[in-house]
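You will see chain A twice below: alongside chain B first, and alongside chain C after that.
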Partner chain A sequence: MSLVSNLFVLFVVLTLVIYYIVPKKLQWMVLLFFSYLYYIAGGAKYVFFILFSTIVTYVFALLIQNAHDSENRKKYAKLLLIIGLCCNLGMLGVVKYANFFIENINLLFKANIPGLSILFPLGISFFTFQSSGYLIDVYWKRVKAEKNPFRYALFVSFFPQLLQGPIGRYQPLADQLYVPHAFSFLTISRGAERILWGFCKKMILADWAGCFADAIWGNMDKYNGIMFFGLIFYGIQLYADFSGGMDVVIGIAEMFGITLEENFRRPYFAVSMADFWKRWHMTLGEWMMNYVFYPVSLSKWMVKFGKWSKQKWGRKQGRVVPIALADLIVFFLVGIWHGASWKYVAYGLLNGVIIAFSELMVNQYRNWRTKLNIKGTEKWFVIFAVVRTYIIVNLRWFFDRSDTLTDAFYMIKQAFTHFDPSQLMLISAGRGGTAFVPWALLIIAVGCVIMVTVGYFQEKGYKIRESLEKLPLPVTVGIYILLLVAIGMFGSTATPKGFIYAQF
Partner chain B sequence: MHSSKKIFRFIAVICVFAIAIWGLDFLLYPCTFIRNDLHAVLEEPMDDVYLGTSHGRMNIDPDKVGEITGTKGHVLAVGGEYAIDAYYMTKLMIEKQKPKRIIYEVSPGYFMTEKEEGNNYLLFYHEFPLSMAKLEYFKAALFKTNFRTMLFPWYEYPLDYELGRISKTVFQKWNHNYDPAYLKSSTQEYHENGFIERYPVDTTTMAKDKITSFDEAKIKTTNMEYLDKLVTLCRDNDIEFIAVTTPMPLDSLIEYEEEFKAAWKYFGSFFAERDVQYFNFNVELFQAFPHDLELFTDYDGHMNGDAAREFSTVLGKVFMANRRD
Partner chain C sequence: MEELMEILEDIRPDVDFEECTTLIDDKILVSFDILSIISEISDAFDITLSPADIVAENFNSAEALWDMICRLRD
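On to the complex of A and B.
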């Protein structure tokens, strides 16, 4: 069920009505029922996977809790955690990566192992990470294991975030999911406002930019002179699509009185790659930080490696080397989380190398800045850092968007050897190539200007949504109507596309 | 604030949204010939209603058929009409005003593709009056589409086209005007009975069209399911159902011989299995009407107005000769 479909709109309205008319203690059950209904609507055959993940993590969390509570079984907690994670992430591994391994083994050993015909369940990368995070939190005694299996099932399956996140942590979500929520017009209007903003991003900006990006990536030979435009369009599409989807998801949850974690914080205003990853897909970044980076960095072997590297490269550099290595591991995982393909491995490692390199160079950069008398807070320097990061971020899209690693390298080569901006006008934008290309480009440009302006004010700490609330009702309603009508008037006329991150 | 005041404000906001959406639809959704057609078949009693594709719209003049058969008819066939649309239009007619006979024009290429969002997807649905048929049509065809189909059906048309027609649109809608003169263009003329008369073209310089080739293995099953449902619906409601394929230019028949043969065979047996009369003017009725290129306005088989009128007379005679009383 696509988030932009009539069916989904009606589904949300129906769920909201029932949610607010039932006795408050039953509200979470309504959410559970509709969450599973939503999942089943996407394909009843997929339910097995989410049930498996829920049951495994529920049972193992209870076992770990029991082991913690019992003096003579404490040592089993770690073993239980490992088994639980192996089952849960193992399912993800088999579903997502088995065929990739088979393909590569076949290629490497000239074998002929047949691929597995496995279903790819909706949102599996999101709900397995969310439930695995919970299991680790129970092991670390950060949260108590949930005893009620149905309440826990809601944590894993809460429908707005099921398909594309954000990847929630147990405690903040549980604190809100199971408590009663009174109906409030303010909650509904704030949620609706966020949803409208998200739909504008998706259906106007992302879908128009997608027309151009798809055309360029789909006809690499024909459009070999505008590869850099392809990168920019894809960057706009991906951000507007994913963050627009998040706005919709967070807005829907808000209507139920539930505040989900933010997944974006104006990533194109980042001043470094490390900063970028703190602003882009933040919940995945935090998950990796909490459950991979810190455990790896603090592991015995890494501490040993740290000592060795200090001896080898001196105190300053030696301290940074293990962090850089942990970064590489994290970003390798981020890469393959996106999909089973060498291009994602390359994409992840490229990010890791850039960040690891930045870590290693941090002292050198500081020295250079001191020599050049740059504090780092000067306006021009911040702009320089933002532009530099934007360029680096965009260059990585070669690996993310191309179908294969070979295509990515081909596109890089074309980008640096051919430049013919007139090819832009040859693109068939809109449905069946019916759109007037300059019109479509103008919409994208205006959309970007609005986004950058809004982002700029938000960066400056200006509370736009709070300001909207202070406006007289007719003005607020007028703004909402304008946003809604803009979707109809300026939305892409190409065949509607689904959300990109829903495929993960 | 008192909760009753809050509720009032909430309802007022919803009303403002509804009015804005309705107002934009009123201003921007253009008056199409389907608006005229559905108005005609729902307001006047009809003996024959022609469903199908653009071939049905441009090759059949119901008045000429009626001169032979003594029936009153209207064409509801149009380019972009799929079996699902035909099915729900028939349901609507049954609900409002039942015709005696449905004549379904079969173009095999239409069974190879599916209704596509954004491409005349709302042409029919938009003109449906509030009815059970409309609700069912919504459930079957619009549930899974993006929400613009529900809120902004005018998004299917370019904004400059809508704005250019805005005064005509408002005038026609405000005055409930169904004058066909508004639908006339430089290449064709819309008639009150739904028939579109194409003006003759110079066939010696005519560019060849790419005709959607037929491949039984690639048929979209939804189309056949709805065609089957349409036959059953007519039967259950005592409406006679007849299928027709209009003549194609000889050049096209030769160029796509294998595909056409496969298509005629497929639809021939489909209708035979359902005991439906199927008149194919490219097979058993090949000799009944000439296939010369100068009778057509393209290689896809759309006739010019004169040829269409002549063909309609022939069609009427075929109907009379094959009456099932």
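On to the complex of A and C.
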């Protein structure tokens, strides 16, 4: 059931009505019922996977908790964690990467091993990470294992976040999912406001920019003079699509009185690649930081490597080398989390190399800035850093958007050897390819200006939603109607597409 | 405590470690700083940290860090 469908709107409304009319202690059960209904509507055959993930992490969390509580079984806690993680992440590994592995074995050894016909369950990358995070938190004694299997099942399956995150942590979600929520007009209207904004981003900006990005990537030879435009369109599409989707998801949860973690914080205002990853898909970044980056960095072999590195390169530089190595490992995993393909490996490693390099250079940069008397907070320097980061971010999309690694390199070559902006006017945009191209470009440009302006004020600390609430009611209603009309007018003429991140 | 302050100021000379008590909550220290601090205090105070120790309560201020060091040394 797509988030952009009338059926989904009906589904949310029905869930909300029942949620607020049942006795409050039953509210979490309503959410559980409708979450599973939502998942089954996407394909009953997929339910096995979410059930498996839920049961495995539920049982192993209890076993780990028991081991912690018992003096003579403490030593088994780590073993239980490893088994639990192997089962849960192993399922993800088999479903997502088995065929990629077989393909490469066949290529390498000229073998002919047949691929597995495995279903790709909806949202598997999100719910397995969320449940694995819970298991590790229980092992680290950050949370107590949940005893009620149904309550735990809701944590894994809460339907707004099921398909594309955000990847939630147990305690903040549990504190909200199982407690009663009274109906409040403000909660509903604020949620609706956020959903409306999300749909504007998705249905107007993302889908229109997607028309151009898809046309360019789909006809690389025909449009070989506008590859850089392709990058820019894809950058706009991806951000508006994913962050728009997050606005919808967070808005729906808000209507149920549940505040989900934010997944975006104006990433195109980032001043470095490290800063970009703290603003883009934040919950995946935090998951990787907590459950991969820190454990890898503090592992025995990495600590030993750190000591050797300090002896070899001195204290200051030496302590940075293991951090840079851990970053490479993390971004390799971030890459393959996005998909089983060499292009994603390249995409992840490219991010890792850029961040690792800037970390290795951190002391050097500091020295240069001191010599040049640059504090780093000067307006011109911030603008320079934002533009520089935006260019680097966009260049990486070659690997993310291209179908294969070969296509990515072909695109890069074309981008730097051909430039013919007139090709832009040849693109058949909109539904049936009938749109007037300058008009379509104007829609994208206006959308970007609005989004950047909103982002700029948010970056400066303005509370835009709170300001809207202070306006007279007719003005607020007028703004909502304007947004709805905009979706109807401009969104309906773009080529509609599903959410990009729902495929992960 | 003096040695800890020297380490912190060497890693992030732009931060007021004497006063700040929201180093993690306000995202003043990032993961890169945290690991640099861990690397230095592990050597200086002969302690071993685990990922479970990396929580805001242990890193929000110089004092919290010092408490953690004392606890781990014991």
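In this section, the second predicted complex is superposed on the first by the 501 of 504 C-alpha atoms of A that agree within 3 Å, B and C clash if a C-alpha of one lies under 4 Å from a C-alpha of the other, contacts with A are read in each partner's own complex, and residues count from 1 in each chain.
The rule is short, and it goes like this: contacts are C-beta pairs under 8 Å (C-beta built on N, C-alpha and C of every residue); 3 or more make two chains touch, one makes a residue touch a chain.
Note that the structure is a prediction, hence the values are computed from the model and not measured.
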(request) Determine, for the superposed arrangement built on chain A, whether chain B and chain C clash or fit. (result) fit
(request) Using the superposed model, determine the angle chain B, chain A, chain C defined by their C-alpha centres, to the nearest 10 degrees. (result) 170
(message) Touch test for A:Arg142: chain B only (first), chain C only (second), both, or neither?
(response) second
(request) Tell me which partner A:Ser297 touches in the superposition: chain B (first), chain C (second), both or neither. (result) second
(message) On the A-aligned overlay, A:Phe185 touches which partner chain: chain B = first, chain C = second, or both, or neither?
(response) first
(message) Quick check for you: in the superposed arrangement, does A:Ala385 touch first (chain B), second (chain C), both or neither?
(response) neither
(request) Look at A:Gly306 in the shared chain and tell me whether it touches chain B only, chain C only, both, or neither; answer first, second, both or neither. (result) second
(request) Would you check which partner chain A:Val437 touches, where first means chain B only, second means chain C only, and both and neither mean what they say? (result) neither
(message) Between chain B and chain C, whom does A:Ile450 touch in the aligned arrangement: first, second, both, or neither?
(response) neither
(message) Just to confirm the geometry: in the superposition, how small does the C-alpha gap between chain B and chain C get, in angstrom?
(response) 36
(message) Looking at the complex, which residues from chain A come into contact with chain B?
(response) 1-2, 4-10, 185, 203, 431-432, 434, 436, 473, 477, 480-481, 484-485, 487-489, 491, 493-496
(message) Touching residues of chain A toward chain C in the complex: what are they?
(response) 140-142, 274, 278, 289-290, 293-295, 297-298, 303, 306-307, 310, 315, 319-320, 322-323, 326, 359, 362
(message) Could you list, by residue number, the parts of chain C that touch chain A in their complex?
(response) 27, 30-32, 35-36, 38-40, 42-43, 48-52, 54-55
(request) Quick one: which bits of chain B touch chain A in the complex? Just the residue numbers, please. (result) 6, 9-10, 13, 16-17, 20, 24, 116-119, 138, 142-152, 154-156, 158-159
